[in-house]
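Naming follows writing order (A, B and C), and every chain is counted from residue 1.
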Amino acid sequence: MSPIPEQPSRRGFLNWFLGTSMGAMFLSVAYPVARYISPPDIPEAQTSRVVAARDGELKPNSGKIFRFGSLPGLLVRTSEGEYKAFAATCTHLNCTVQYKDDTRQIWCACHNGVYDLQGHNVSGPPPRPLEEYVVNVADGEIVVSRS
Amino acid sequence: MRIPNPAPVSVLIVLMSFITPPLRAEEPPSQPSGPLPTETSCFNCHSQLDGAALEPTVRAAEDIHFQKGLSCQDCHGGDPTAMDDMDASHNPKKGWTGKPDRLHIPEFCAKCHSDATFMKQFNPRARVDQLSEYRTSVHGQKNAKGDGEVAVCIDCHQVHGIRAISDPRSPVYPTNVAQTCAHCHADAKKMDPYGIPTNQLADYKTSVHFHAISVEGDLAAPTCNDCHGSHGAAPPGVDNVTSVCGTCHPREATLFRETEAKKKMDLSPCIRCMVCHSNHAVLAPKDDMLGVGTTSTCTGCHAEGDNGYAAAGKMAQSIETLKGGLAKANALLDQAERAGMEVSEDRFALQKAKDGLVESRVLAHSFDLDRFLAAANGGIAATDAGVVAAKKAFAELRFRRVGLGLSLLVILAVILALAMKVKELGARPRV
Amino acid sequence: MSVGGAGRLGRILDWLEERAGWSFLVDLGKKKQVPLHRHSLWYYLGGMTLFLFGLQVATGILLLLYYRASAEEAFESVQFIMAKVPFGWLIRSIHSWSANLLIFVLFVHMFSVFFMKAFRKPRELTWISGMCLLFLMLGFGFSGYLLPWNKLAFFATQVGTDIAGAVPVIGHFALRFLRGGEQVTGGTLTRFYGFHVAVLPALTTALVGLHLLLVQKHGMSVPPSIEAQRKAGGEEAKSMSFWPHFLLRDAIGWCAALGVLAALAALFPWELGEKADPFAPAPAGIRPEWYFGWMFQTLKYLPAHILGIEGELLGILGIGLAAMIWVFIPFLDRNPAPGNPVSRLFTLAGWLALAYMAVMTAMVYLPQGH
């Protein structure tokens, strides 16, 4: 039996303090771990495949620039409805190319470089064709991946 | 059969060529006639001679005419079946014309090459206007006036071993054209009588066009004939330079024209591509060509005080700002990336700045300050956005420190509680 | 009797006691005595090493939820963890910093055991299992360093495995075994990953189990000088029970370590560097992690040839021999009593070894004059 009457309440306070602070520490560990384990917004690094568009977003005979890693890509829906994807960096001086629906070719505004829908450089200064990507349609998404 | 002694016969041939009347464009053979090229009496005899008489047979196998089934008699006439009989072979009644004189070689070749019906047999798309083009050229005009020194067909295409023009070993294959022209045009002895300079090949070799075609093998790049013409070779007229360069550089040519129309100016007297870029020594353009500095090409015509001078200065400044902004944004993003921040999205946005830079450089050819600044400022805005994005990444890094501070407080509380517990347990009797 | 204590928690603990009998652990803890003397502070190091290792296992398991062990994806996956996974930067930086802290504490633990002569009979096996654990931890460090597949790691691995290849007789096989081929490739990465997350952890679990069992069996060793002092002075051997006294103090140390690591992770996040390019030339100034630094520097200082034998080979053999001697110290320094001159020589040798390692490690980071 302790002679000092405050000691039990002091001990009680200490136990409470220890318990609470340890609980707080446990939370400050558990919170980051819990957020870490729950799946992030994108499931994996986007360097090898990316969702370029939703199915139906592009009308036939139109194109769209999408991001692939840190470089631009060009998604084209041909007039027959087929999807094609290329690296959108012009092989001449690295401008971003675009799809021209009147000539149905890929065109670079900087120096008038022209590529056909195979990615081949057909006119103007570009020395090499555009890299072509693989396109798959899955679950209503247009997925572009490196070949 | 006795084989004639070549020496007196050669002399006879030479003498005969002086008295043979000049050739006119004759009717070409309607189809390749006679025996196989290497089985003609011509080939048979001449391949056993030496010196100049042997020369026609040496590279016969490489000759495009031989490969198509044409042979000596199709150009020179005579009887290819008369084996070992020089007189019979060299029979004028059989059309033998001997060696044509240099001045008349264009007509000699045009005998076939200007005949569409004949050429169609071999290549349905062959051009047959080479002679008429030639007559418009400086070479052709002087040849018509009797100058035997200027180039004729065989000077570029060679003779008796003429390769197809698609053969990379042909002297008129794109990678070889400059050297072929330079045979005469880089030779001061040949050019002095005409007062033509001879530095063109040396200049051309310093150019990006030469590098593209000869080092990188890019046949799209121009060589002499792309700007000067092949058979109609002549320097482009002053007013035409823009069109000539614009064949491959249409955007720049269009930009001139658009500004001319908009500002109702005729820019061609003072702005021809070659004023800034040179004609033969076309070097890779640099940003310091724009502006008012010592290496600028603008100051060649513009002086301080005129509008052009001011505009050039503004353009150069704008480009420098854009480049500086791009470098700074990239450096900051690199730094953030190394610290572990993910910046690929920001780099993607920075592409706009790179596009703006290239676009501005092209728009310098419009000589229109407003258009130029529109592109440059778009790029500068993108670099500013890039810097903002990088700073956001660093802010996130700093945010982590705040979180750290809080968690350290919690840990300190735990340590304090544990220490107090330890002390308290020490005061109690040991179990 | 209520083992669990009062309240709801107590009832749950009682329930578990009837089925799992957990309270024997508490009894063990209470019975186990930790000697109290002026060198007692060193006793905390073993537990600290174990705590840091546990932290490595925990953060390592979290990392392998997102990491990809192929040359094409490893770097990007670590970047993904650092940038896109919430608190991924924290987990990864703690893992990298804690690895270094673990090895540092491990060396201090080893040297403290050495100088306190705790390896003497009957604890020889404890020492040997501990030395094996040290080698395993160095293996963890070497294999883990490559996993982000950045330029520095790629070349450091190349240099390190080259040195392994210089060992006579088995060297070339060892090099090929480590690299998974003749060169450092994606195959090396996958192999190192297998070592790092499966092989080494399995071996470590077994050895840690043995090590702890032996420590438990023999209790805490008291340095010979203290022992002699006590015998001479006739003073009572002071001690504290493991549970709750020693463990609570342990916990303070562990919390402090956690705080230090959190601070390091937030203030000095571990850099990712640039992705490895096997075809690029080696950058200047490649060096291994600091805990291999003294060996690396030794090899650098040796002349190319000594008495006709390659200097590097002699260096490797010399270091190997020194390591072997160190492992078998319990059988060489048999009677580490305070007055024993042989034992004092070993102590001196230990100080020289420590000084050598410290100086050599420092030399790695000083600017090179030549």
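Assume contacts are C-beta pairs under 8 Å (C-beta built on N, C-alpha and C of every residue); 3 or more make two chains touch, one makes a residue touch a chain.
All values derive from a computational prediction rather than experimental measurement.
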Selected pair, greater C-beta contact count between A-C and A-B: A-B
Closest chain to the centre of mass proxy, which here is the mean CA position: A
Whole-Å gap separating chain B and chain C, where each centre is the average of the chain's CA atoms: 65
Centroid distance [mean C-alpha coordinates] between chain C and chain A, Å: 39
Multi-partner residues of chain A (at least 2 other chains): 25
Residues of chain B whose C-beta touches two or more other chains: 407, 411, 414, 418, 421
Residues within chain C bordering two or more other chains: 79-80, 84, 90, 255
Of all residues in chain B, those that touch chain C in their complex: 337-342, 397, 400-401, 403-404, 407-408, 411-412, 414-415, 418-419, 421-422, 425-426, 430-431
In the complex with chain C, residue positions of chain A that touch it: 25, 32-33, 35-38, 40-42, 44-45, 47-48
Parts of chain C lying in touch with chain A, wherever the complex brings them together: 62, 65, 72-73, 76-77, 79-80, 84-88, 90-91, 255
Complex interface listing, chain A residues touching chain B: 11, 14, 17-18, 21-22, 24-25, 28, 46, 67, 69-72, 93-96, 109-112, 124-125, 127
Residue numbers on chain C that touch chain B, as the complex places them: 30, 79-80, 82-84, 89-90, 92-93, 240-241, 244-245, 248-249, 251-252, 255-256, 258-259, 262-263, 265-267, 269-273
